[in-house]
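A, B, C and D label the chains in the order they appear, each numbered from 1.
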Amino acid sequence: MTDWQLLAPDEDSLALADTARAQFRSLRGPGVMRAALDGSEPGGWETVADGGYADIGIPEELGGIGRVIDLVVMLEEAGRALLTAPLLASALAFRTQVAAGVHREDFRRAPAGFGIAEGVVGGDGRCRVERVHVLGGHGGAAFTLVVKGPEQVWVVVVDPGAEGVEAVGQETLIDPSRPFPAFRLGHETGVAAEEWRELALGDLERVLAGARACVAADLVGIAAGALDGAVEHVLQRRQFGQAVGGFQAVKHQLADAYAAVERARSLVYGAALSLGEDAGMAARDCLLANAVAAETAVRVASLYTQLMGAMGVTFEADCHLFLRRAHQTAGLLGEPDALYLAAARIERRISR
Amino acid sequence: MTDVTSEFEAFLDGFLPADYAENYRRYRRDVRLRTEYQAAAFDAGWLVPEWDRGEGGRGLSVPDALAVKLAGARRRVPRLMNIQGAGVAAPAIRSYGTAAQRERLLRPATRGDEWWALGMSEPGAGSDLAALRTTATLADGVFTVNGQKVWTTQADEARWCALYVRTDPEARPHRGISCLVLDLRSPGVEVRPIRTAGPAVESFCEVFLDDVKVPEDALLGPLHGGWGVAMSSLEHERDMIWINTWLETTRALEPTLTAPELSEHQLVRLGRSLADAEGVRLTGLRTAAQRWAGLPSPASSILKLLGSESVQRAALLSLESAGARAFDDPALFDERLESLAATIYGGTSEIQRNIIAERTLGLPKGTP
Amino acid sequence: MTDVTSEFEAFLDGFLPADYAENYRRYRRDVRLRTEYQAAAFDAGWLVPEWDRGEGGRGLSVPDALAVKLAGARRRVPRLMNIQGAGVAAPAIRSYGTAAQRERLLRPATRGDEWWALGMSEPGAGSDLAALRTTATLADGVFTVNGQKVWTTQADEARWCALYVRTDPEARPHRGISCLVLDLRSPGVEVRPIRTAGPAVESFCEVFLDDVKVPEDALLGPLHGGWGVAMSSLEHERDMIWINTWLETTRALEPTLTAPELSEHQLVRLGRSLADAEGVRLTGLRTAAQRWAGLPSPASSILKLLGSESVQRAALLSLESAGARAFDDPALFDERLESLAATIYGGTSEIQRNIIAERTLGLPKGTP
Amino acid sequence: MTDWQLLAPDEDSLALADTARAQFRSLRGPGVMRAALDGSEPGGWETVADGGYADIGIPEELGGIGRVIDLVVMLEEAGRALLTAPLLASALAFRTQVAAGVHREDFRRAPAGFGIAEGVVGGDGRCRVERVHVLGGHGGAAFTLVVKGPEQVWVVVVDPGAEGVEAVGQETLIDPSRPFPAFRLGHETGVAAEEWRELALGDLERVLAGARACVAADLVGIAAGALDGAVEHVLQRRQFGQAVGGFQAVKHQLADAYAAVERARSLVYGAALSLGEDAGMAARDCLLANAVAAETAVRVASLYTQLMGAMGVTFEADCHLFLRRAHQTAGLLGEPDALYLAAARIERRISR
């Protein structure tokens, strides 16, 4: 069996996707998101953890099951369902811990936080970060942070209750259902030696590659969910005496969106498969998957909103929920242009 | 700068707070300032300077009036509280109203003392006016109205509604429509605001009409001639909407223009958006100039098309290039969401493209 | 790498000149190398490795055969001189041919010893096969053919033409078509090459057919069953064309990838094009993998759609980022021009979008 | 009369446009271009010079007539007709000479050459330029060159017959009807004192602004001509039982192209009007007009080619001529992205 056949999910993956889709849908992502805009706490971690979803993609020796491809298949379902439970944050935290070799034993006990910021970590493990947005930062469990300095990168695992860690700024505004609060780490914030690593700046993309694949999978799901919603809408909605979905201009926009979603999904699967292989190629593949998935999610959610017409700006419509989720998630690990730039630099280094 | 614009600038200097330019994003939500501005500008003849002095204008020529409007846009004058009153209803009353209607309605609509809603869209019909189903039956000098309107901006706060109704069900779809001036306090009118996804500047409502009685003299324009009233008032709006679009684009770009640091590729996108803004401004002006000179001008549909794209790209750029700041500044996402609706108001981009292709390029009408 | 691909790589190492990788742009126009490659690859069973050994293949499984084709694309194996012979005509002969036809035609078509043209397009009909007007009347065991074909690739150098003709003028448009194996040396056949805008890799011809006699046993597939022959042979082409598209994209990007200096915004565009190329490759592989596993797969139309966009963006990038070098290197513009035609061959992007919208998304068929 | 009214061409401009359109069309641009691809010399300068077109936009004190807006209106007609006579090269040379204050008296006697390149001009007027492509460089008359050094910019007027000037490289390949041959200026190439100026690097865009407006006008004409050709084609061509122009997808693409052409034209008129005003604004406006016009010409010529289907790649079709002209002209003064970048930098400087 040659490698490329892995691009077709196997029976286990498909069964996982089906189960996840049904269960995540039962958690009513859109409804919970709408309630979160009114201030209620989204929650939902217990259901997801009890269902074993937090174990997917974690190596067996650490007590998990499944491969990275299963993880991305599942995260796509989470994105599609607008899942509010912090499954993505946990995945990002775990993959980054493993890539940097600082993983904790308790990583699955509580929803983890994840963030990237500029700052400095001293030789004694003391951190200083002026402001870092932490995905899932409300969960109370440890934050896994990637701290970019002028010449090094550090990965640190910090407890939100540790001395020097303070919440700053207001609530998450774009998508309050996936909390993304900001924190400040004063210089008194210390991290135990086994919980941080210093890396060369050039290792940043190697460390982030797994996180990028996870974010990309979630984004593909958001795009796919938005496409489903858009198609459903244009089949129902009539204008000028026919279903809106019969207009060629609408059909072509949706056909392009479909092609874009399939392309993004291919890149995500490819990125997931490349993670175990050459680090440079994996970094490139994960950058490209992240960039394409981010653009696709924003584009399809925007199209959904536009095709909804005036209904698209009402609170009751789902399209703004997809747009909120798409924008917040697309911005997690850098804007697409910056990722394309980084990928092109890697490719030119490899090609010459 | 001409004399007339410097006079207008002097009026603005006198009226606006000293810190208006720096804090206009905050003043944009200042209801009192906006209300007072509209009244003061109207009283001074600056709100519709092309109208005669007796009507509350200054009798300015088209070029001078446009110069005043541009000067206002450059200064980002306060947004009117009820745009469709002064911008759509008032011109329609002025063109089609009886003497009594003009006397009673024109000034308060333009000055902002009485707000207006536009009763066009209906559930299931959207922007397709020909498909409207709300009926009005005339008997004994009174119309009895039944039906439902939707996406009616500010109907919850307006006093009047320019209500489009079907008065001749036998006629061809666009021939049997009339426009009535509906007092929204009439019995049988129920207005329900629709909650919006973001903090919308103006409310959206559903309006239910159940055996509403409207006196015959509330007919605006000819009986069964409502299509013409609608087209002429929408055209008025469409011809000037580009000034607002240009303003919205430059406003959306401001966070990016003044951002401390931008990467090269963000600068490229900023340059593209500057070209968008200039494209809207210069095409709007060129269209006005060519019409004023009696020359064929670019199809006005392109202003709508260019304008939508312009606002959308600018809002997307500002949201994406803000990086983590986007998670702290609610306006960035809200403006992005609003910008997507820009292709909807006043006809979708698809409709504009059809109009250009068929009327300007002469392509076959064809089934859609 | 599997055993079978390393065996294939060994064959390539033995056959290709040592400097092939560096100078493949020059070898791309090397007629002799390309001709010899096709024959050698066929003789060794590598050209159609999924066919049985007796037919000139190696009896490989679908995955192994695809692995061989990918390995070939990665090495940029010489382009076949007459792609539609081995790629379109041969599979049709193999599926639909009589024993005699297979015996006479299959091997030379696949090996490249006899070239083939595809007589589908007609003036005024374009890619609309249902509208074809060339007629063939069967009488006394002989078809008499009259009509005209256009855009017939390599008809000036081909020996045979898979000619689509209308044999039943009474039947519904796509029911009355048949496929004939036309010997292009027959009396009454006139072939006129069409001059192309750039130095095209393959020629384009008009083919005039004036009372051309074709024996009845030259019918390929059922009488009036030509539509099926056409669809199945085009499908075969469409399913694998992505490998070539991916190859063309990476080839078009090479000048940019290896350019000494690029600005940041050019690097961003390069990154986008890398994503395009990977998108085509991975979607092609994923589609093949899901089909092989018996799973529903992405609509194959998207490969065409993604592929066209991919090649076009890559060629445009390389032309624009070359700066003044573009004025010295003729290939950059020629490839840009060729890339625009990529949306034409095998169905325009518009047609692909209609297919996706209707068949995959279930949107109404609607008049266009 | 307020400024913006100048955006409507006045009666003189309109009459000029009409005359130019008729006369330029009579010169059969497409036919001459096609012949030039087969190696014939395009020529045509005499007709254009005799018609007085080379005087348009040249100040009256230098013996010319008309305003810059007339010049751009005329150059648009030249672009639309695919004019092969080197009217654009002359305009570029003249505007650059005037902007740098080095204009010659004989500027209208023969078609001028114009080019931009990297190089150095010494204090004694000695030039060294490794390679410069000169638009209209076959005419035999003086070359006006903008030479960009590491810290300065020079504008020099060089005779092609001067010592040290040698033709290098092959013929023009994209559009041989507007020759764009390459030259080398060896260190022995000397220029008389009144025929060169040294400027600060920051003055580059000020000096190029007029040239950019001219190139942009030509590009708008190319785009407009391509749009006309495309519309004509889709009205005639039938497929699937109806005119191709009746398909909504085709209609929408052409409507977008129409909007793009009108937008580019507005920017060109605006740039022409701003030339006499604030130098920074003029530089910005001309950069934007050049960038937009370049993108529009390439985009509309590409659309024309695609809508032509298989016919689009035949020698006899006009669309590849528009595409050749569009690409060659779009590349004259830098790629669009670089111009957008420069315009954004100017705007940020002004805004802060």
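Going forward, a residue touches a chain if its C-beta (ideal position, glycine included) is under 8 Å from a C-beta of that chain, and two chains touch if they have at least 3 such contacts.
Everything numeric here is computed off the predicted structure, so don't read it as measured data.
Set against one another, A-C and A-B show the most C-beta pairs in contact at A-C.
Computed from the mean C-alpha positions, the centre of subunit A lies at a distance of 39 Å from the centre of subunit B. Once the centre of each chain is set as its mean CA position, subunit A and subunit D turn out to be 48 Å apart. Distance between chain centres (mean CA atoms), subunit B to subunit C: 53 Å. Counting partner chains per residue, subunit C has residues 263-265, 268-269, 350, 353, 366, 368 touching two or more of them. Residue positions of subunit A touching 2 or more other chains: 242, 246-250, 252, 337, 341. Viewed as a contact network, the protein chains are fully connected, with every chain touching every other. On the side of subunit B, the complex with subunit D involves touching residues 2, 63-64, 66-67, 70, 257-258, 262, 264, 267-272, 274-275, 278-279, 282-283, 285-286, 288-290, 292-293, 295, 298-299, 302, 305-306, 350, 352-354, 356-358, 360-366, 368.
In the complex of the two chains, the subunit A residues touching subunit B come out as 117, 131, 133, 169-170, 172-174, 180, 182, 238-242, 246-250, 298, 302, 305-306, 309-310, 312-317, 320, 323-324, 327-328, 330-331, 335-338, 341. Subunit D contributes residues 1-2, 4-10, 14, 231, 234-235, 242-243, 245-248, 250-252, 254-256, 258-259, 262-267, 269-270, 284-285, 287-288, 291-292, 337, 339-345, 347-348, 351-352 to its touches with subunit B in the complex.
By the touch rule above, subunit A contacts subunit D in their complex via residues 247-249, 252. Residue ranges on subunit C touching subunit D, taken from their complex, read 121, 124-128, 131, 150-151, 194-198, 200, 204, 263, 265-266, 269, 316, 319-321, 323-324, 326-330, 333, 336-338, 340-341, 343-344, 348, 350, 353, 368.
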